[in-house]
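In the two complexes that follow, subunit A is the common piece, with subunit B as its partner first and subunit C second.
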Partner chain A sequence: MLKSMSVVREAIADDEADDAMAERVAAGQAKEQVETGRRVLPIVEGVVLVAALFAPLVLQDYLTVFATRVIILALFALSFDLVWGYAGIMSFGQALFFGSAGYGVALLARDLDITNIFLVLPAGTIIGLTFALLLGGFLLLGRHPSSVIFVSLGTLTGSYAADRLARGWYYLGGQNGIPSIAPMTIGGYEFLEGPPFYYLVLGILVVVYLLCRFLVRSQFGLALAGLRENEQRIAFFGYKAQHLKAIIFAIGGAIAGLAGSLYAFHEGFVWPNMVGVVVSTQVVLYVLFGGSGTLIGAVIGTVIVEGVSFWLSDNYRDIWPIILGLLLLLVILFRPLGLISLVSGERERVGSFGAAAKETEKEKRNAAP
Partner chain B sequence: MANAFAAAFEILSFGAIIVLIVLGLGIIASMMGIFNFAQGEFVLLGAYITYLAYAKGLPIWAGMVAAPFVVGALGFVLEALIIRRFYAAPIVAMLGTYALGLIIREVVRGLIGGFYLTVPEPIGGSIDIGTIHISAWRFTIIIITLLVMAGCYLLLSRTSFGLRMRATLENPSLARASGISTPLMYGATFAFGSALAGLAGALIVPVFSLYADLGLRFLIQGFVAVMVGGVGSFIGPVAGAGVIGTLSAALPWVMAPVVADILVFVLAIVFIKFRPQGLIAGRGV
Partner chain C sequence: MPLLEAAGIKKIFGKLTALDGAALTVGENEFHGLIGPNGSGKSTLMKCIAGAEVPTQGKVSFLNADITAFTPTERARAGMSLKFQITSVLPTLTLYDNILLALQAQSSLFDLVFSRTRRLLHDQVMTMLTQFRLADRAFDAAAALSHGQQQWLEIAMALAGKPKLLLLDEPTGGMSLEERRVTGELLQPIKQHCSLVIVEHDLDFIRDICDRLTVLDQGKVLASGTVSEIQANKSVQEIYLRRA
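After this line comes the complex of A and B, so read on.
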């Protein structure tokens, strides 16, 4: 399986070999609808959206609160998916941007009494963006391209160091974090937990999702997919691979920051784990589970992991993390593209986006010197 | 004077602990190109086995001797079942070993509950030199670390097993052509690295006590040490571990511990950025 995958991947990078690739994929994964060219992901996206729209109507109150949290985490997962699933940058420290934005808005609310939604959300986004620009710029740019290992360990270390800082710094509340953050406001209205907050978050998720969808289907997104599959070839095409990576890393950081500020206001408190390794690896789990490299995969992965863990944690709290580890191992070994690959083919994931795909590829060929 | 000596001993013993933990990590990373996220949990398992022996009323020494063998055997089995599939893809290997580590950690957490369990030092008391008292057990750890380091070095550089191991890792196809069973060598290397982690866990448990996140605490420090030292040789990670261990033990004496903690990581990452090959470049022993 793995071997046939790598064969397929090589073929993908070779844009002449499209048909050969389709044949190989079809041979390897006969069940999938690659041959017919039917596109499954838009249907999945539609189903998920409809389900999300009607969820608060059927869910009890406490479940709506839970669903809101899941949607915020899905937004966070989206940021990691852009970075890892599309650009192939292993960011083990995505929580650094999530958590620092959370801390940032918590401080705004605590010390400056700023809770206006039009101020705090942009502030959180900018905090995430700034940290991602700094860290990403340092790790990714430079005379020598950094190795994947260095980037992944660098982000991991960054997140770990931030965790230690948050734990040790009295101003940030130390071990306890910052409790009882005032609710987010718009004019005189306060966003408390419940359906309005849910729909606000869902709206933000949909907007960000559409922006990401536009982004990954653009020239830029196609170049990123190429980067993930074969960085060297993209570099030979004349793209500045390092710059592309730094840009997507910064965008991912901004989205994580947005999610982090929403999370801080929704939960009403921030604590050191939020910037640390625990949350960083959690988001990796979501995306791997759902299927990296498809936007909807990240969302579905978050919903499934959080949903199952919520459901199991009543009766099987102790063994749930063990089950999670086992499932993750199985997914990595046997379904490296995540659960979404059960319904959609490799071809749909990689980059023949829409009917205009052929033209786009030609454009790309012309655009490159 | 006495204070300075005590500080120096403290720094030295912490450095030795880090070196001990990084040895296994470094051998697996250098020789196999895999950053094993489950290494921290191998340390934890070693500690747990020692605790188990103690709780069952066996001498602690017995647990400490058993730990590396049990963890090594487990490493061998895991390599054959799972790790083997990851060699082509280092990032997937990280995620896969992370999942493995998660499973081991949570199983141990389930076994010990959320407690901090203490294991007494097999050699208690202190060694008195004039007016200075140093912990006898920490001193023993330093001695054992030195012995293990020398042993590993000799094993890799002087024995035929070490030669075959290095041959396999440097050029697998040529090694196979020369009649070396490469899958067996990979398994043996991984088992060896795991056994070292088990030993480290067994030795440090009296100092740090046993809790489920024991391994996690050292994992990131270990990775950073390996990168600082340089991947690809035996001596590189050891040197890196010495530097990182010494720095993280020494800096809190001169500045606020929080700042020191973070400064070590920042310095290390900046160093690796500008010298990606690490302190000691080059391959081999």
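After this line comes the complex of A and C, so read on.
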């Protein structure tokens, strides 16, 4: 009897020693991550912002025009990143909201002569929001949670259908789309391609970026993290998981709509591809390439994918799509979390929502003798 | 008036009848154990109560309301909470965030977006972590915890919404002896404000902690009563002897 008890005791002691060991190792790892990972993303964000601010000063004019387009696409990429990277909703039809807003503002300009920036940008945003609410309501608000496959196929179909519709509808210009859209105006001033347009879209990107940053770091962001990790689990806490999804999907649609209206005025024309599957897939690639689940990853991904295709198409006229495809495959194979994961760890990507609380806890502990 | 009353629960999966008229009644502040051999339908009954499965037939009432057709979210909002059999803490989030996520579940959207309850809930988060002996790990990722600690974190999360009824599906699965003992200690204080339904293989554990037991066998209730009544029950002894 005594013997067996001591065996049990030893086993427990062993267990405890093992646990303590595992704890120390884990704590060490966590600490390391915190120390090396904590400040990386803000630095990256700062570097990107400074580079973006000075770009038009060093770039030739035609490159500034290209850079403006890239920034608009980065705004579009943010919308997909919110939806997929943060909420785990696979939207394979994000271009639907981008393109329909583009068409919407193009029609405003063509048929009603409305080009005032304070009218067209809100209009585009609302168009994106409305379409996302309608499609999201249909796909996400069923009685039972919808599967990733259902949502991705549903959004893909929506985008494909819109593409076909735009191609076949005479009012929307059919295959050719709507050409020569009048420039966006503010009072008597016309936004033409070039540095002013560049700084306008950069300003908008920064504002939207900061709003998204605020949102994903709030308690709402924590709920999104729960949604992404385990939707069923948080429903059992009492979250209205499907409502949360529909809300973030609608916000994503609004941002895509804003980007789409800027794109329409910048390019001066809209065409069916803009609502279709090609652009929808493109935005998925930007975000996966840069790193989904970090806002800056979406921006970097867009800049690199677009930059590399621009350079490749200049220098390897015939085979550039193949090189680009291989490059994308390599990144997705070896860096499934995107390029941003080269500099920032998992811990920083997920973030800590009690970060402020952590400081107060530390202070309390330091204050206690 | 019982807190929870499930009656005539039938659940058929294809050709398999998992539950055949099972029943369960739980009073306020009562710890109720649900036991029975493998395949007797314990987990299925638990799922029907929690809303993870919809019974083919029968009625589940909770706080005098018929909740048979409620979704899990609606049940949670009515005051019922579930700890899954498989630990489902959110591994990449910190312990602190896991608890905060559970605590803020019923905050309004406005409060969530503007983080208005973050400060308010801070003390509650730390209290829960302290109560479950996890306070010094608050800012580690939940994945770094031992299996037993993850179970405790999970119980803490299930309790965060101040439920009237907590459903525990095999809370001590995979735990060491010492961890089982601590789990028992951790559960005792919640009796003041919460009832418990607990599915468990470890009969010693269940005997120590529960007031009443219900024994299921082949989808039917074999016996229900206080722990000593069940221990004295001949047919219960038989099925356990038969299996042993």
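Please note the rule applied: the second predicted complex is superposed on the first by the 316 of 369 C-alpha atoms of A that agree within 3 Å, B and C clash if a C-alpha of one lies under 4 Å from a C-alpha of the other, contacts with A are read in each partner's own complex, and residues count from 1 in each chain.
Just so we're on the same page, a residue touches a chain if its C-beta (ideal position, glycine included) is under 8 Å from a C-beta of that chain, and two chains touch if they have at least 3 such contacts.
Keep in mind that what you see is a predicted model, and the values were worked out from it rather than measured.
A.B. asks: Mind working out whether A:148 is in touch with subunit B, subunit C, both or neither, as first, second, both or neither?
C.D. replies: first
A.B. asks: On the A-aligned overlay, A:131 touches which partner chain: subunit B = first, subunit C = second, or both, or neither?
C.D. replies: Neither partner.
A.B. asks: Just to be sure I read the superposition right, which of the two partners does A:234 touch: subunit B = first, subunit C = second, or both, or neither?
C.D. replies: Touch status of A:234: second partner only.
A.B. asks: Could you tell me if A:281 is touching subunit B, subunit C, both of them or neither one (first, second, both, neither)?
C.D. replies: First partner only, subunit B.
A.B. asks: Quick check on the superposed pair: does A:103 touch subunit B, subunit C, both, or neither? Answer first, second, both or neither.
C.D. replies: The answer is neither, since A:103 touches no partner chain.
A.B. asks: Is A:80 touching anything from subunit B or subunit C once the two structures are fitted on A? First, second, both or neither.
C.D. replies: In the superposition, A:80 touches no partner, neither subunit B nor subunit C.
A.B. asks: Could you say whether A:329 touches subunit B, subunit C, both of them, or neither, answering first, second, both or neither?
C.D. replies: A:329 sits against subunit B, while subunit C stays out of touch.
A.B. asks: Report, in rising order, the residues of subunit A that make contact with subunit B in one complex and with subunit C in the other.
C.D. replies: none
A.B. asks: Flag every residue of subunit C that touches subunit A in the complex, lowest number first.
C.D. replies: Per the touch definition, subunit C meets subunit A at residues 50, 71-73, 76-77, 81-82, 84, 88, 90-94, 96-97, 100-102, 104-107, 109, 111-115, 117-118, 122, 125-126, 137-141, 144-146, 157, 160-161, 176-178.
A.B. asks: In the complex of these two chains, what residues of subunit A are touching subunit C?
C.D. replies: Its residues touching subunit C are 8, 11-12, 15-16, 19, 22-23, 26-27, 29-30, 143, 215, 218-220, 222-223, 225-226, 229-230, 232-241, 247, 346-347, 350, 352-354, 356-358, 360-361.
A.B. asks: Looking at the complex, which residues from subunit A come into contact with subunit B?
C.D. replies: It is residues 2, 6, 90, 138-139, 142, 144, 146-150, 152-154, 156-158, 160-161, 164-165, 168-169, 277, 281, 284, 288, 318-319, 321-322, 324-326, 328-329, 332-333, 336 of subunit A that touch subunit B.
A.B. asks: Name, in rising order, each residue of subunit B that touches subunit A in their complex.
C.D. replies: 35, 82, 85, 88, 90-92, 94-96, 98-100, 102-103, 106-107, 109-110, 216, 220, 223-224, 227, 257-258, 261-262, 265-266, 268-269, 272-273, 276
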